[in-house]
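Worksheet: the structure to be examined is printed underneath.
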Amino acid sequence: MRPGGRRHDDDGVFEVRIHGRGGQGVVTAAELLSVAAFAEGKDALAFPTFGSERTGAPVTAFCRISDRRIRSHEPIVEPDALIVQDTTLLHQVDLFGGAGPEAYVLINTGRGLDELGLGDFAATRFRPERVVTVAATDIAREHLGRPLPNAALLGGFAALTGAVSVESVANAIRGRFPGRTAEGNVAAALAAADAVREGSVVRA
Amino acid sequence: MARPPVKFFQVGSFAAGNRLLDEEERSVQADHGRSNALTKGHRACQGCGEALGARYVLDAAMRATENRVIAVNATGCLEVFSTPYPESSWQLPWVHSLFGNAPAVASGVAAALKAKGRADVRVIGQGGDGGTLDIGFACLSGMFERGDDVLYVCYDNEAYMNTGVQRSGATPPAARTATTKPVGAEPGNAFGQGKNAPLIAMAHEIPYVATATVAELHDLEAKVERAMELHGPRYLHVLVPCPLGWGSESRDTIRIARLAKETGLFPVFEAEHGEVVSVSKIRRRVAVEEYLRLQRRFAHLFGDPPRTDVIERLQALADRNVRRFGLLEEAEAA
Amino acid sequence: MREQLEGSQAVARAVARCRPEVVSAYPISPQTHIVEALSDMVRTGELAPCEYLLVESEFAAMSAAIGASAAGARAYTATASQGLLYMAEALYNASGLGLPVVMTLANRAIGAPINIWNDHSDAMSQRDSGWIQLYAESNQAAVDLHVQAFKLAEELSLPVMVCMDGFVLTHAVEPLEIPSQEQVDAYLPVYTPRQVLDPEVPVTIGAMVGPEAFTEVRYLAHAKQMQALDLVPELAAEFAASFGRPSGGLLRRYRTEGAETILVALGSVLGTIEDVVDELRDEGERIGALGITCFRPFPLDEIREALTGVTRVVVVERAFAVGIGGIVGQNVRLALAGLPSVVYDVVAGLGGRAITRRSLRNLVEEVQEGRVEPNRLHFLDLDRKLVERELQRLQEKRRSGPHAENILRDVGVVAARSH
């Protein structure tokens, strides 16, 4: 799959928005994504929405990827891709605001979209094959021993959108974490990527 | 105490002279080769306790360090009378920044010296009671807590003198100041619990805390020398009567300082790491009234009718200090 | 070496390369990552010799820097917003004494109401403090300006603050070029103070000065700062030669040739403005942008030169002077005195509200269509309904309650927004 959702006036810019809660590594996810893109020779800018440190509060982070130098630090209002790390945000935060019909949506859940109450919504608002779920928390528990889904989701994201390669994601993880933590996260990322590729996920 | 007490037996005076002593026991000030760190020509009032104290403190520090001292001064009387534009009485490196930051500036100077490998140059921060206990208190505590290598000297004249004698956190109960006048029900400064800076310094467990007065100048110098033997945060609290602010005769400065000690109102002691290690005993216990009568800031207690109730409360404070610090010799402590 | 790095981390490294001997730091959002990184570097010995003072307040932070600088050490600190105000007295003291302290200001709004997000009210509140003020329009600029700041400060014996937008730049991760130690050592010499506390040569620093000489001492402060107007471009040229990329300088023009409309701004919004300029230029508009890097001293002549012949000057700023209007706008207007250009004062991005391309495009359109009154403060993206509702409340009853609470209640739960 290839990066989509480009706006008519912005060639080669791919914008990602990640939603989660404090303590789930949302900010780190955006940073790792930017490192992965940088390693591929692109320009990448990652930044969070900012607030006082508070575990459990909704957190949003962004990553803008471009073939050209990024100058603007404005927030991402029309994301090309959304990653939702925590489905408890679904009816609390406007997760999908600004996302166009070409956007990719990756949701961390072991449940189906219908179960989440998103079946119709996903089918009518987005391209059905671009709305994907992956049980990232379970995958993380299995490979990392902790319910920290961010790395897994990045692997799934890479497989889904092709905005960066899964290998770049893996390298970014290795560059950030020490030894065993890195390997666990990499394994989780690869497993989630496989899950997304092989389509063994529940879709709309 | 670092030196044994020297008793002088000149009739009718409390002279602090050197002529009867061997050379090595004489004060730094007796030495012609003293550094005169605060030299003559400054504009202090006649009888200023602070000028006297500062001169003794700094020359003692200079001798102890072979003239390697940097002084950091808070805004206040000392700073103002010592640097009347375009003159300066300071003959050592000296910096004045702000009113409330002398301890922090001193920390910065000490850090710079350490970074440059010149920790042989020592730092003294100094200020009055206002700059130390009130507006500079946070900075003082920070310096203590960080363990910075600074000797901080507070010259306590118990009010904001330079601005016209307003009450500070160190002003004693019942004292008249411009903002605690003897009008209304409570004459003078209120009876609060005070802000005992030496005890607060001790609570920071710093290497050395000492109190002193300008009545015992050998003792004052000895304490500075002791402080300069040590490293880390050290605090010296010096009682310096102010003729103008206290309403006393300029010739009585040293006498009043002695009476402050001898009544028990101002305990003189040393502490290390939070524990008292030596106490300067009261030689001749005196009732507080003798001390109060010499100062017009307490004159309203002796009106018609006299405020014996207030004087009793002040006496009780003195008595408490005597008990608490063990200021009397055992035989007299009954 | 080019790496993907957080702005704060990059600045910390740049500062470390400048070999500060004393760092004093009190934490405040959004500067924390900078001082944390420097603390690590001192602890591991990566930055040595350096004493790191964990001070008890921002007032103490600047005071310690004053002491250190007076004792001849290269001194550095960082703060934001409320912290800058808390050290205000010390700021004036540092500049008045002529001490070359360098400080990072992670621009953040000043309360009340308390707000931890980006705007320029903090820096603007201290624009007259005698500090040189440089504004970084990107994280690369922030890195590079710090290196130049130390040299500038020490040559003039004046303190310098490098302003970078809090969170927007400090917490953004992007590709940055960090200068090497060798490069910085070649550019920035060892600090040789003009005045120093030295037992060998005692001096009195900080004496009182009365009416007979105060004016002259203050004139010198002004004159020294004005020298920066020459020195800043010189140092920028030297930097470009040493480090191989353009950086610093008083102003930065973007596609201003033949422009009829020029947007003037400070800081990171310039990145977004440049995107807007490109879009509009593609559509045939004759528009450009002027970034002010050196705000104090204010480059009157250079700004006049850059804006001469421009019909519309739209100043977009992230702070304003309550009771009168724009701050940067006023200064720009002074520079253009007597010229026919029309100046528009637009305040935007207060308290972290994003300035978007869309808003800026709309603004340009409104200005061109005459729907923005010149010389009067215009608030971009103001929600008039909210304001009117609150004003109505004030009319209705005396005990109308705190504005902040009322407006937040109207706006709804913050978490209901997507971000």
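Annotations for the structure displayed:
As written, the chains take the letters A, B and C, and residue 1 is the first residue of each chain.
We adopt the following convention: a contact is a pair of C-beta atoms (placed from the backbone, for glycine too) under 8 Å apart; a residue touches a chain by one contact, two chains touch by 3 or more.
Bear in mind the structure is a predicted one, so any value in this text is a computation, not a measurement.
Any chain that touches chain A and also touches chain B is listed here: C. Of all chain pairs in this entry, the one linked by the most C-beta contacts is B-C.
In this view the innermost chain, defined by its CA centroid being closest to the centroid of all protein CA atoms, is C.
One inter-chain figure worth recording: chain A and chain B are separated by 66 Å, centre to centre, where each centre is the mean of the chain's CA atoms. Chain A and chain C have Cα centroids separated by 34 Å. The centroid of the Cα atoms in chain B and the matching centroid in chain C are 44 Å apart. With touch defined as above, chain C holds no residue shared between interfaces to two or more other chains. Residues of chain B touching chain C in their complex: 67-70, 72-73, 79-80, 83-86, 88, 90-98, 100-101, 104-117, 121, 138-139, 141-142, 145-146, 148.
Those residues of chain A that touch chain C in the complex are listed here as 9, 17, 19, 30-31, 34-35, 38-39, 43-52, 57-58, 60, 70-75, 77, 92-98. Per the touch definition, chain C reaches chain B in the complex via residues 21-22, 24, 49-51, 53-57, 59-60, 63-73, 75, 89-90, 93, 97, 197-199, 201-210, 212-213. Residues of chain C touching chain A in their complex: 4, 6, 29-30, 116-117, 138, 165, 167-169, 171-175, 268, 270-272, 274-275, 279, 352, 354-358, 415-419.
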